[in-house]
Every structure is written in structure tokens, then in C-alpha cells.
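Below you'll find the structures, each written out as C-alpha cells.
In what comes next, chain A is part of two complexes: it sits with chain B in the first one and with chain C in the second one.
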Partner chain A sequence: MSEMWVNMGPQHPMTHGLWNLRVRIDGEIIVDVDPEMGYLHRGIEKISEDRHYNEVITLMDRTCYVAGMAWEHLYIIAAEDALHIEVPARAQWIRTLTDELQRIASHIMWYAAFVQDLGLMSPFLYGMRDRDLVLDLFQSFTGGRLTYEYNRAGGVRNDLPNGFTDQTRKVMDWLMERFREYDALCLGSEIFRRRCDGIGVLKANDAIPLGVTGPMLRAAGVRRDLRKDRPYAAYDQVEFDVALADAADVTARYLVRMEELRQSVRIVRQTLDWLDKNPGPVLADHLPRWLGAPYAPVGREGYLLKRNYPQGVGFSSVEEPHGEAQAYVVNTGGEHPYRVKFRSPVFANLGAAKQYMIGYRVADIPPIMGSVDICVGEVDR
Partner chain B sequence: MAVTLLSVSEDLAGALLRGLASVLPAPLSGWIADPTLITVLAVLLFCAILLGASMINTIMLIWFERKLLGRFMDRRGAMHVGYAGLLQNFADGLKLFRKHTFRPKEADSLGYYSGPTAYMVTSIILFAVLPVSSGWSDGVLPLSLLLALAVFSFAPLFIFVSAWSSNNKYSLLGGMRSAAQMIAYEVPILLAVVAVVIVAGSFDLNVIVAEQQNYWFWGPLVVALVVFVAGMLAEMERIPFDLPEAEAELVEGWNTEYGGMLFAFFMLADYVRALIGSILVVLLFLGGWTLPTYVPAALTSFPLAGIAWFMLKTYLVFALFVWVRAALPRVRTDQLLRIGWMRMIPLSLLAIVLAAALVLVKCLPVFGCVPTMGG
Partner chain C sequence: MEPEETQAYLAPKLGPKLLAVEPFKGTAGRVRFESSAALDVFREVRDGLGYRHLSMVGGIDWVDHREVFYVAWTDDRKEYLLLSTDVPSTDPRVESAVPIWPSANWHEREAFELVGITFDHHPDLRRLLTPDGYEFHPLLRSFKLHEPEELEVKTRNV
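Presenting the complex of A and B:
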């Protein structure tokens, strides 16, 4: 059979979103790949320029629909940096907590989708079931299960409800047991190891120049985690280990993500202890009125404040569940950001597809692409 | 001679036509009660009963799988149509039936339509040769096992024809995988069957079941059983060997371009083959409709006891396939073929050697003695 191009996408079960992986195959062997993105472009960066600072948060939830809280956090750090706003300590700890809960939800979602691609149907549903518990937790203090709109410039919208910490501890205990089951179903399966070992290898030397970050980079043995290297929120005050593996293949990425799940549970438990002991405000005082809730009436002093408000630029980088996300916010003194720019980790991870896909088989595409943990929403933004 | 399905349908046809004849006026009644006509009607009735029973069983098999899979996955499966979702699959079938049958513009008409039809027909034909209990068919086919396996192995041809004629790259890839896989696993299946035939001394499924009076073959022929079950999983294209229709990479594999009733044909034929695979396992290794002799006679003497035990065993075997589906990921094409050619075939040869040794030794300490060769 001669070589042919196959369009895997934009409507294909493997894509997990709306993008197109063009694959040139010789029989079952992949000769060339060409990832095509842009089907889900919504112009989030441009829309942000017409919105109040707090209104952009709504868009952040929709940037990556499985890791909304992490993207809110990413944007809000940059916005606070640009607006020169200090955040109370309790809000920082709550953000650490929500970040890690989001990482758990996102990684479980990744697990479910990944094993589904391998043909494992039961763990897919186990994953969705367990992720639901985390979403329930989110719902209890934000009201949303997927799009939260919880962060605010200067802190978070509201404090955690009564009994939240106990409930979360219970969920964490439950999840730690389930993670063991996940491992038994995957690592304990000979077929899984045969499908994943030595597949999709992306060594550190190839990954770093291409800007690959996150679990994919750590699976190549690179000790790079922004929570350690450039701590934000309360990450410098919690104890956790950076998950590492060195095989750089699909199994290594699986191991890294499963270890990150366990470390996230560890962090969540520490933040819960801290939050129990340290009540306090969750939103900064003396915020400019025009930053307030969307469409709230803007008072006279609000406009005065805005005119006199200092200008500035804000930058943030956050270890999002998929990798290193970065945000850049320019404040020229208006009530809208002048420019907002994001860096999506998945965009870079997908862009390196040629490095880790050529030479493998068509049947290897689902595990390899699954191990990248694609979220097309943040790729196209 | 025990009551067979054919004799039942002959009685039925005779009663029907004679009843008609007694009502109708003179010349008509003579023609209608004609013995030839009765035989023709009996054969038609036989086929209708067989088709109806096999279709209902196939659809119930789908329900069984959905419910069982649901339990494995911590959910309940179909619940809303009928009691516990019993009618869900009938509703699904009706929906597919009402759909417009279409053909992609570039698809080859002959292959596109004849592929699924032939696949379906050759799958259903198999029910005619498989005995379900001692009163099902009276052993007129001395080579029924061989015939069943021969018809069973038509499938790759029709799958490949329908895949190729759909003119879709995914279909073509799926069809080629399917053909390679089925041909590779045909060999170990046949060799495993040879082990059974060596011990039973016959290709007649009735005789094979009768030979399992003393002990079922799964015990002494466990190697052959393992090979046969694994090969059947590959032949049925179920997880872990469902890569011809691996949805993650090939969308829906060789039936990507099919919709409506033609898709239903494929789906139904897949489950017909799953049912036949389970039936073959029961017939060859689990004693068919018989129970061990130490079981109280009350359990085997109630009416239709043979069919009841047979169905129970069949569904239990199918439950094993469902369990495998719930627990395992799918393998890769090259791994599948390597397992087939390099693991399964040596194992099945080993099974043949063991079977030959069993015939020589004649008696095993736990299981008892082989009946005399040729039964």
C-alpha cells in the first residue's frame, strides 16, 4: 500500500476536542504528522480587551474547560500584578487549594479519556465518577461545576462554606483509595504495559527547545515545576514532591500524572489544615469600585479612582495541570486591560508532535495523544 | 428417537393444515392436507422458529451485556424502556430500521450492500447446524462442527468487501486489520478444535456432547479451551481484540460508512457471532446441555431442561467475554498478530499433543475415563 494522508479530525474520537491531526501513513506506520489547530479559536485575548478586569475571569473558565480554576488563577495573578493589588493570605491559601482540586479533577479527567482511548471502558467511568466528587466540592463553594468565576482581583469571591474542609478530607481519603485501583487496572495490566511502554518517546533534549512543559517534560526526567521553581500563592509554604520519571514514554507520563494526583491530595490536606486554623478576610480591602462585580453600578469615586490609578504590566506563570501557562496583562489606566496575552502549554506540547509521533503506528496514536492531555480550548483560546 | 425441533414443526404444520382442511370445502381440503405441503410448511416453520429464537436470544444477549457491563462500571445500564431496560434494544433496532438507508457517493454499490447482508446471513445460517439440546436436531450432520467453523470463517471476506467498497480510509484500514486478524486466529481455533475432535472421535457436535458424559472437556483440555476462547475473542472482534473497529484510532473501523439498517446488520451479526462463539465453547468444552452424572436427576428431567441448562451455560460463557471487555485494554495490531502466530499456534499444537496423550492414557485420576474412541 502506498503512503496516504489521513485526517484524524476535526471530528474524530481521538481528538478530544476540535482539532485535526493530519497523519501520513505507510500501511500502519506513521511517516509524518501535521497537527492543525484553530478550529476552536474564540478570540479570548481580544475579547478580554473590551471587558472589565473581573469580567475576564468568565472567559478564563472557558479557556480550558477542564481546568478553569487554574486559568482563573493564572489570569488573576497577572491582573493583580498589573493593578498593584495585594491579596490576603487566606485567599492565597484558598487559591492553592482550588488549584490543587482543579489539578485533581483535570488529571482524573485525563485518566478517564486516556484509558478510554486504549479501549478500557470501566476505568473511564470510574474516573468520571470520582471526578464528580471533586466537582461537587467546587459546586459547594462556587455554585459552578465547570465554570466557576470564583477568583476576583484582590482575592476570591466568597469564603468556604461550613463543613467544607471535613467533606474535602473525606473525598481525599476516598480518592487515595481509588488511585490505587486506577494503578491496578492500568499498570497491573500486561496489555497496558505493552501498549504504552516505549511509545511516544520525547527526550529532554528534544522537549526543552520545543517548549514542552508540564507532566510531559517531567516524564523526561526534567525537574521543572513552577510550584517549586517560582512559587506563587502559598506553594512556598506547603510540602510536596515534584513527580518525576525518566523513561519519557507514555507510561512515564502516566506515572508522573498519577504521582501528581497523590501529591495534590497531600497539598490539599495541608491547605485544609491551614484554612481551619486561620480565619480571615478573603478579599482585599480598599479595592477600586470599578473593579467590582460585573455590571455593578459604578460610583463617582470609582471613576475618580480609576483616573488616578497607577499603570503597570503584570506577568504570571502558573503550573497548570497541562503544563506551564503564562499570562501577560497590560494596564494603561483604563477600566479594561489594554492587552492580555496567554501562553498555552498544550499548544507547545502539541506542536512538538513530530518529535514523538513519527515512526510509531496508527494504533499508537490514541495512547500518545492521550498522554499529551489535550485541551483544545486552551490551545486555540 | 427424542422429539426434535423438526418433528415439532411437522406436527404443528400438520395440525394447522389438517385443521384448515376440515373447515374448507372438498377439492381445497384435499390439496391442503397434502403431505408434501405439510413438509414444506414444516421446514418453513422450522426456519421461522430457529430465526426467531436466535434473534431474540441475540437481542437479549445485547441487553445482558449492557446490564452486566453497567454493573462492572458502577452504573445500571439501560433502565427506561421496558422492565430494567429489557425492551431498550428492540427500541434501538426499531429506530435503526426506520432510518434512511444511504450510500456514500463514491462507494461501490454491489459491495456496499451485499457485504453486510452476506455477513449477516452467513452468521445466522450457523444456528441451523448447532444443536441446542438432545431434542434439537437428530444428528443428521456427521460433520456439523466442521461446517459450523467453515461458515464461521466466511466473515473476513465479507467484512473486507464492505470495508473496501465503502471507499473510506478508516474503513479500509479496519477491513485489512480485520482480515489479517481473523485469518491469523482461524488457525489456532481449528487446531484447538482438533484437540477436542481427537478426544471425542467425531466431528458431530451431538457426539462431542455425548462424549462429555463422564467429564467435560474443559478440564483435561484446558490448554485447548484457553486457545479457543482467546481465538474466539479475536474472531468476534471484542476487546481486547477489537482493533478492527478501535474507535479511538479508526472511528468505527470497517463499518464507519454504514448507518441505519445496514449498521444494524453489522451490529446484530457481531452479536450473533458472539452468541455462536459462546455456544461453541459450551458445546465443545462445557458438556453442552448435559450436567455431570452426580447431579440429582430432578435437575435434568424437567421439560426443556436441556435447553435451560444450555442457555445458562451459554450466558455464563458470554458473561466471561463481557468481563474481559470490562477489564482489559485493546492490544495493537502487530502485537495481536504476534500473539496469534507465535503464541497461540504453539499452544494449540501443545493442546493436540495433550489430547493425543489423553486418548492413549484413557484415564485421568481426577476426571475419570475417556469413552471409547469414535463413541
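Presenting the complex of A and C:
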């Protein structure tokens, strides 16, 4: 039979964002794939070169619009390294808390979108309902539901409000019960299992050279989680297990993410206990004046002090909900970062698409691409 | 692994093409090398030192020259290694890392279009994020988002 190229995208229910999956098919079989990215390229790395260090945080929220807090955290670690700034302990714990809340929100969003791709409409609505509870928590201390602008070089913008920890505990208890329902809806469903078992297999030996990270790699049985391997913030002081599966197919990725949701709840509960017992400052003292107070605009004379500030290069990596994100910030002593480079986990996971798509059928594309958890904002940047 | 150990391992294999192994916060060090030895360095770093995973490739425009940097990771020792090489601005090219680390494919395409670095023997060096036929390299310093505005204050003769 003759082969042909088919465009799935840029507007397609499977894409979740603006990108184009070009598929070469022979009848129903996928022969070749060529993802076409760039529809959402906003030049975030370029714009960062024209902004002050704290102003880049605004862009980080927009880099990945379902995991803004994790990207803020990533950037701010590298910026603090480049600028030689220390962070108080309470701010580190708050960052751990916000990272995990963000992971919960992001994974629930993934769940909702993924099951909708499979044609299950009710779980989508349940997922969106439960994610809103987490976004309400974010709103209570940042004022934003998606774009928070909460981290600052040297800490976080403000402390948590009164009653926040109790409210969060209630939400976590509610969510733990909902996760059971999620599993019952999917794993108990004959249709779900038939569409997902044994599809999109990406074994560890292929995944590691292709740069695949995050839940996709852990679903192949590789115990790799930066929160354990290279702890940042307060992750070395909390207890949790790395979620693992070994089938390396779509179902395995589902299982890994659901287990990660439960582990995140576990971490959130520990951070809440710590934060209840340990009040303190959340922003470092003696910040260089040109960085500005959290709210105050920075005056022109403030920038002049920067001239004598030491130069530096910062490198950071965090376990973002989609995988391993990295930032590389070069400070040459100017008012702005000289160069900012980000590594997006989805960028690498999608770059490996040939490996886990060729040989499957056209109807398998939505479950496979759904299980990658694509966020186009961070691929294109 | 300390930067000195990395240096001691790489130096006999690469000779003068290895410029230095510097300490770098949060990593096992930064390997500086001549761009002509790129493939040998990649091979030694992957096979000899066990860095099987390449996380990212990026370029920096230093105006008088350009820098290409690589971040590699090993699962054996759970650490990063930075590689960095300088290429001239007039002819910025370096050997592609795709034969050693397939994950370099998209990262090099991105560095090619944004920083204008050519990767020799790359299997598919097309633009990735910007449209085909786009003729600029946006992350070069010469690509200005806006020129500083010069305010011309006109005094009116009253």
C-alpha cells in the first residue's frame, strides 16, 4: 500500500496546545513521525536578556502554564547561584511545598486531559474540579491561579496566610479519596486497558540515550528522580518514595503519575507540619539594593550599585512535573542576565517520538501522546 | 568525581586538545576543550566516564567568539558534567554529538537556528522553532529586540 504524510495539528484534539504532528502512515500503521514545533515560540530566552533578574520570574510562569511554580523555582536557583545569594530555611520549605502542590495540580490536569483523549468525559470533569481546589490554595497566598510571580531571588514574596495549613490538609485528605476514584474509573475500565496496555513502549535502554526523563523514564523502571539524586530546597529532609513501574507502556506511565500524586500529598503533609512549627523570615536580608524590595520599583540609581557585583554562572536542575528541567544563567555583571538557557523535559521527551510511535496504529496516537504529558509552552519557550 | 580526577582521566587521552577541567558549582566540573577534538571528548566522556545521558546543548554568543556548552549526566555517580568549547564567530562550527548521544538531535537544531552554530554531520539540521526560511539567529547579541530610545528634547522658542 502506498504511504502518505498526514498532519495531526496544529489544531487537533490530541495536540493540547499548538503544534503539528506529521505522521507518515502505511494504511493504519505509523511508519515515520516528525513533530513540528514552534507555533508557540515566544523567545523567552531572548526576552530574558533584556530584563532584570526578578523580572524574568514573570516569564517563567508563562514558560509552562500548568507548572509555573516549578519553573520559577528552577530559574531562581540558577539566578541565586549566579548572584551569590543565600535563602532562609523557611523559604526553602515553602518552595518545597509549592513545588509539590504544583505537581499535584499539573498531574491532575494531565489526568483530565489524558482520559478525555481516550473518550472518557466524566473523569475529565472530575479532574478539573479537583485541580481547582489546588488552584484555590495557590490563589490564597499568591493571588494568581496560573501565573504566580511568587519566588524572588533570596526567598519568596510573602509568607503563607493564617489558616492556610489547616485548609491545605483538608484539601489533601479530599484529594487522597478522589485518587482512589480515578483509579477505579480507569484501571477498572476494559476500554481503558485495551487502549493503553502494551502501547507506546519505550524501554530504558532506548530512553536514556534519547534524553527522556521524568515519569516516562521511571515508567521504564529507571530509578531516577532529582529530588532524591540531587536534593534541592528541603527535599533531603522529607520522606517519600520514587514511583516506579517496569512495563514502559502507556499504562505504566499512568501508574507512575498516580503514585507520584500520592507521594506528593505525603510530602505536602510533612512540609505543612514543619511550617507550622518553624516561623521565620521568608526573604533574605541584605539583598543587593538593585534587586529591589519585593514590591517596590527599582530606581535608576539602584542599578548603578550593580557595577561592582561579582560575576558568576548559575546552573540548576529540578524535577519538574514533566521531568528534569535545567537552567543555565550567565551573569557578567550587567543589569540583566547575559544569557539564560532552559532545558525543557518535554522537549527531549517529544524529540524521542520516533522511538515510541513507529509501528503502532493511528488510533494509538492519542493515548501515546497523552501519556507523554505535553506542555507546548515549555517546548517552544 | 572531583574535577582533578576527570582531568587525570581525560588528559592522557586528549593531549593538548583538553584545555582545562574547572570546578563548577552543582556539577562534577566543566571540561574546556578545543572544538576540533569534540567527537573524541564526547566518546571518552560517555564510554570512559559513564555519562550516558546528554541533557542539553546550548550556545552563547560572546560577540568575539561563540561558546557551545553541553550538560551530561551519569546514573552511576548521580552527577552532572559540563562540557564547553569555543568556536570562532566567523565560522562557528563543531562536530555533531548525535552519533554519541541521540538526544543531542533537537538541542543542536535549536542551537543552530537560535545561535547560528553549524553542527557538522548532523543527520537533520533544519530549523525547529522558527519558520523555514527565517533568516535571523535571534539569540545573537546583534539581534536587538529594541534599540535604546533616544529622547530628543526639543526646546520651543517662545
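In this section, the second predicted complex is superposed on the first by the 367 of 381 C-alpha atoms of A that agree within 3 Å, B and C clash if a C-alpha of one lies under 4 Å from a C-alpha of the other, contacts with A are read in each partner's own complex, and residues count from 1 in each chain.
Everything below uses one rule, namely that a residue touches a chain if its C-beta (ideal position, glycine included) is under 8 Å from a C-beta of that chain, and two chains touch if they have at least 3 such contacts.
Owing to the predicted nature of the structure, the values given are computational and were not obtained by experimental measurement.
In the superposed model, A:Val134 makes contact with neither chain B nor chain C.
When the shared chain is aligned, chain B comes close enough to touch A:Arg361, but chain C does not. In the superposition on chain A, contact is made by A:Gly119 with chain B only, not with chain C. In the superposition on chain A, contact of A:Lys46 is made with chain C only, not with chain B. Of the two partners chain B and chain C, more chain A residues are in touch with C. With both structures placed on the common chain, the touch criterion links A:Met37 to chain C but leaves chain B unconnected.
In the superposition on chain A, contact of A:Arg195 is made with chain B only, not with chain C.
When both complexes are overlaid on chain A, the residue A:Val6 reaches chain B alone and has no touch with chain C. Shared-chain residue A:Ser316: touches chain C; no touch with chain B.
For the contact definition in use here, the chain B contact set and the chain C contact set of chain A share no residue. Interface residues of chain A, counted against chain C in their complex, comprise 37-38, 41, 43, 45-47, 50, 81, 208-213, 222, 224, 229-230, 313-317, 324, 326, 328, 330, 338-339, 341, 343, 347-348, 350-352, 380-381. The part of chain C that touches chain A in the complex is made up of residues 24-27, 52-56, 58, 60-61, 69, 71, 75, 78-80, 82, 101-103, 105-107, 114, 127-131, 138-139, 143, 145-146.
Taken in their complex, chain A has these residues touching chain B: 4, 6, 8, 12-14, 28, 115-122, 125-126, 129, 185, 189, 191-192, 194-195, 361-366. Across the complex, chain A is touched by residues 69, 72-75, 169-170, 173, 239-240, 242-243, 246-251, 325-335 of chain B.
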